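Got a structure for you, questions after.
Letters A, B, C and D mark the chains as written, and numbering starts fresh at 1 in each.
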Amino acid sequence: MKVQRLQILDDDGKLLNPDLEPNIPKETLIRALETMVQVRLLDEKGIRLQRQGKVTFHIFTKGQEAHVAAALALSDDDWVYPAYREHGIALFRGFSLEDLVNHLFANIKDKEKGRRLPGLFGSLKHNFVNPSAPIGTQIIQAAGTAYAMKMQKEEKVTAVFFGDGASSSNDFHSGLNFGGVTKSPVIFICQNNQWAISVPFRRQTAAENIVDRAKGYGIEGIQIDGNDFLAFYTAVKQARERALRGEGPTLIESITYRVTPHTSSDDPKAYRSEEEVKKWEQKDPIKRFKNYLIGKKYISEKDYEKMVERNSELLDELIDKAETLPKPGLSTLFDDVFETIPPYLLEEKEELLEFYKEA
Amino acid sequence: MVETNMVGAINMALREEMERDESVVVLGEDVGKDGGVFKVTAGLIDKFGPERILDTPLNESGIIGFAVGMALKGMRPVAEIQFIDFIWPAADQIISEAAKFRYRSGGEFTVPMVIRSPYGGGVKGAHYHSQSPESIFAHTAGIKIAVPSNPYEAKGLLLSAIRDPDPVLFMEPKRIYRAFTQEVPEGEYTIPLGEADVVREGSDVTLVSYGSMLHVTLDAALMAEEQHGISCEVINLRSIVPLDIETIGRSVTKTGRFISVSEAPRTAGFSAELSALVAERWIEYMESPIFRVTGYDTPFPMILESQYLPTPERVLAKIVESYNY
Amino acid sequence: MKVQRLQILDDDGKLLNPDLEPNIPKETLIRALETMVQVRLLDEKGIRLQRQGKVTFHIFTKGQEAHVAAALALSDDDWVYPAYREHGIALFRGFSLEDLVNHLFANIKDKEKGRRLPGLFGSLKHNFVNPSAPIGTQIIQAAGTAYAMKMQKEEKVTAVFFGDGASSSNDFHSGLNFGGVTKSPVIFICQNNQWAISVPFRRQTAAENIVDRAKGYGIEGIQIDGNDFLAFYTAVKQARERALRGEGPTLIESITYRVTPHTSSDDPKAYRSEEEVKKWEQKDPIKRFKNYLIGKKYISEKDYEKMVERNSELLDELIDKAETLPKPGLSTLFDDVFETIPPYLLEEKEELLEFYKEA
Amino acid sequence: MVETNMVGAINMALREEMERDESVVVLGEDVGKDGGVFKVTAGLIDKFGPERILDTPLNESGIIGFAVGMALKGMRPVAEIQFIDFIWPAADQIISEAAKFRYRSGGEFTVPMVIRSPYGGGVKGAHYHSQSPESIFAHTAGIKIAVPSNPYEAKGLLLSAIRDPDPVLFMEPKRIYRAFTQEVPEGEYTIPLGEADVVREGSDVTLVSYGSMLHVTLDAALMAEEQHGISCEVINLRSIVPLDIETIGRSVTKTGRFISVSEAPRTAGFSAELSALVAERWIEYMESPIFRVTGYDTPFPMILESQYLPTPERVLAKIVESYNY
């Protein structure tokens, strides 16, 4: 039994099925494209900064920018648990590029106080949960957050992103099961980009599709072309409506591809062919979405180029500023372990401050 | 005032706190109609319904991860792990998630939740219904640990734990769940986390313990007094993190002798931490070795559990050894 | 979509579908019945001993004795991971009633050296793995054992039993996934007895059936009437053949019912009605299997009564003997932590022995 | 003899042992074509194929549980956990299963397996690529723990670990994976688990450490000698369980001063165990407090990791304090 995959735009960005075209205001669509462009630029500049030794680490997003569609389909009040390639959602919701750049530099203005690998940031104000590094842990947490929303009688849903690798994690299993049995308003979005570092999807599981798991938890499932902005939007929107109607969770399997190395620490030459990558680059989500907007005459190619240029310059400015800022001070080491610092930890803090004052 | 045992006191605390604060939710395996395998949550589902007293699927990382997600969204979950021996599937959600959320998010995302769980030996529960893993969680920055030793403390500490803005592991000494009753006030009172209690004053030897081992320790202190005329000061920690180091220091600088009693395996148990603290701060006061009486470095046995566990006699022997050193 | 459930005997033990009747020698069938009778008797006597305070604990098996069929369908060389209600398999394979009774008493002849709750025993000789108490852990282990068999090029399979509650455990998820992706010769047998202590199946998961999970791991699945000895036999036999042909794992969902309390510590009155239990008692697997054998004229009602009586007397004798045996000695406390006792543990041992010599 | 770093030495050990013993199997995430994220298993798949160098799904409890099942059936699995920070999902399979199988089955079912994992800070890995949880597993009866501090030890200890009849956690100090090379013999040699190494003799202060902290400790010892004329004896534990208590005793009864150095958070870390052992056995020899230099009781930081971790200077300060006490 072959699973049906929702696709609305073809690989060039033409409407495959006009009946399914969602009705989204022009300005919103353009703003979405701009966000995708920002995400792409952050990728290009981020890896350069890492290569230059200016930031410690880089996680790529290139090729998975269609996730921004989820930000349109959701309300800003809905909670989102990202994996680590979904910062487009925070940006679309208004998390500032400046904050993000400061975070990458782990400088004194970094909200995460220089504690996290660059890219692992969250924002309570934007209902964008601070991600872990251990894979999969957010899936069950998202189910719990959705349950809380139900108890609090709020008209909200929780959406959670994770990879194909994460589908093997324990928290995938408990997350879908707890979400299902409590009928909580949660949307599980698997970004099946075919690779978990060097492990290909066919070695991650013998299942043909991740979406085949939905039935085993008594929840709804749908597979989409994950590089198709409109399909992404539509699936999330429908899942949200179902959730708000009290019909429980949906598992969305987004078929996409990691065209980049896993992170700045990875070299895919050891384990995969360039051909596969090339093939997928044809399905680039930005290209497709941009062409769709050009086809609708919402923008021109020229507009797009300007958009890229403008954002590139903006980012360069922010980077220049961020680079000069100092790192967080020594005493921050002991903040936020608990709300209030207990006596034994205060002693440790004083010991350390004393030592480095002397030294 | 109600005369009740520890099970009753915890039940009372949960009931009152759930009445006071809508955001408190109880979840775990069999906590609903069954009232928990030890009946600690008995009757709560009738009062608060199956949404707030949530019977979960059989998955401990699920229970804790779900509770973390609820706590992030403003609830105050009280998650039960049926026996603390079954907490390991949840280790990742506790160690990597609950304990680190505040820190990793620069203080923005917080996880005010309680993990309640019966622990400890003495009920012929064998390997998997007997263990005391407090040192493992004590080594995990970002989580507090409370261990009551009687019904009064159980209620007062649990209320503090539920109201705490950070995750708290609340370890319930199941061996004394129903061992004795005590007057417990109805309504609100709290015992702060981080304050030890000197339950017996003495001048010769300092004994430190918590949970069900406190009673073994107290029995030993009594025997030491009666049989050997040795005066023991007994400190009940009540919370392990934060630890009340000051109270320990005050006592040990007075007595010059120190023994801690805990039932977990010896190596890297919490008694090791207590010994290390005394040895790095007050060694010049010490008139004898810094001792610990503990379980042994074996899995928890069944038939031989009374030999495995510290007994008043074993503690007494160490008291005498320390005193006569 | 309703799942098909394999059933060969009706509730009275008559053949529903003679075409599906497996071909098993008469003597083997009678021996299987005798094993089921022994299991039932152990249940009755075990709980009595627990009530009398002679053994510390009792786990029930009543109503789930059809699992003995798996012992017939498997080779004795195949490994079996029981949950804790499958000791019929060990008995059928020749694990002696005497050893089992000594184990219940945790006496000096107990192979587990008085360390385990009564009922949690294994036997390497019988390829019957010593069970855990933490639920579900054996599922992934079984997958690993099956993988080892494949590497060792042995014509063997591994079968693992677990409950409906265990289907929620993490190790269910990893077990089925690892088993599937490595195509290991493992048979996953879920004894869905509708309850996990007080939690009913419908609160364990929103899935309609556990077998619905098979597809999500790319493995085969079948649901059976778990009180039907012949269906049980047939499903395991087919799964074994598939496994040996290199076609990978099968998930068997056996629909059965826990007609007893969970263990001697449990009182189901708090959470379920007696009616449901009564209904299921009509489907008693021993009754059905016995009637089948009577129908085939392999035994008479009288033979059956004698079989019960004989085994009951035998067990009483064994119990009388076991009761008088002493408990394991103090020094066994330190055995088997490691193969060789290291110096620090020897010190602890000497400390303890010295103390109790003095005391 | 081959001049190689720790990565090379471990790779050599695996390769040779897999040639010698068919039952040895390597499994974990990315151990195959990728050769592991640190390239420790590089090239092995070409030699031994994808069945014996098994790339697993992303699930650590799966990796360990699968390995337990293989070990029970006579294989010798060497399971890799990509970073020890990701070991927590496997806590149950390690603590409840691997460590207890022999005991719970009365010696019948055994689990000869190795868990290899890079641990420790110093690579700007932040919370989840930096931790050192050895004390947690040291508290778990039934599992041994080895921690090499150089390439030669890495190979010799790993061979012992693979051949050990019981589960061994083999912790690899990733910070020094490639920090230096050393002559490592080709072919067979083993370093027994449970034997410490006195890597520097001295008379004034005993320093105990292991893994990458050993080098910090040695630097401090050198500075103490050069800058203050203090003679430090440095003990490299090499294995934490079993622990070579005798070698520690021999040294501390000679020097009368003791400092242990470990990078994990202080509370209930393995340094606490070392302090406790000294304090209960040799207190009358002690001329100064029993010190520990450790990480702090916070999650592992990133930008501030060099302040979080023990440095030669911090150890030196304690040496001077101990000496001048």
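Note that in this section a residue touches a chain if its C-beta (ideal position, glycine included) is under 8 Å from a C-beta of that chain, and two chains touch if they have at least 3 such contacts.
No experiment lies behind these values; they were computed from the predicted model shown.
S.K.: Please name the chain that ends up farthest from chain A once chain centres are defined by their CA atoms averaged.
M.R.: C
S.K.: Quick check: more C-beta contact pairs at A-D or at C-D?
M.R.: So, comparing the two chain pairs, more contacts are at C-D.
S.K.: So what's the Cα centroid distance for chain A and chain D, whole Å?
M.R.: 36
S.K.: Between chain B and chain D, what distance separates the C-alpha centroids? Give it in angstrom.
M.R.: 30
S.K.: For chain C and chain D, let me know how many angstrom lie between their CA-based centres, rounded off.
M.R.: 40
S.K.: What whole-number Å value describes the gap between the mean CA coordinates of chain A and chain C?
M.R.: Once rounded, the distance between the two centres reads 45 Å.
S.K.: By residue number and range, which residues of chain C touch two or more other chains?
M.R.: Within chain C, residues 115-116, 120, 132, 134, 168, 170, 173-174, 177, 181, 203-205, 337, 344-345 contact more than one other chain.
S.K.: Quick check: what residues of chain B touch more than one other chain, meaning two or more?
M.R.: If we look for residues of chain B contacting two or more partner chains, we find 56-57, 59, 61-62, 85, 88-89, 92, 96, 103-104, 127-128, 141-142, 241, 243, 267, 296-299.
S.K.: Residues of chain A touching chain D in their complex?
M.R.: 56-57, 106, 114-117, 120, 132-136, 165-166, 168-170, 196-199, 203-205, 265-266, 270-271, 327-328, 330, 332-334, 337, 344-345, 348, 352, 355-356, 359
S.K.: Under the stated contact criterion, what part of chain C meets chain A in this complex?
M.R.: Touching chain A: residues 168, 170, 172-174, 177, 180-181, 183, 203-208, 210, 212-219, 248 of chain C.
S.K.: Contact residues on chain C for chain D in the complex?
M.R.: That would be residues 79, 110-113, 115-116, 120, 122-124, 129-130, 132, 134, 137, 139-149, 151-152, 158, 170-171, 173-175, 177-178, 181-182, 335-339, 342-345 of chain C.
S.K.: Using the touch rule from the top, collect the residues of chain B that touch chain C in their complex.
M.R.: 29-30, 32-35, 37, 55-59, 61-62, 85-86, 88-89, 124-129, 266-267, 296-299, 301-304, 307-308, 313-314, 317
S.K.: Taking the complex as given, what residues does chain D use to touch chain B?
M.R.: Residue positions touching the partner: 61, 85, 88-89, 91-92, 95-96, 99-100, 103-104, 127-128, 133, 135-136, 138-142, 241, 243, 264-265, 267-273, 275-276, 278-281, 283-284, 286, 288-292, 296-299.
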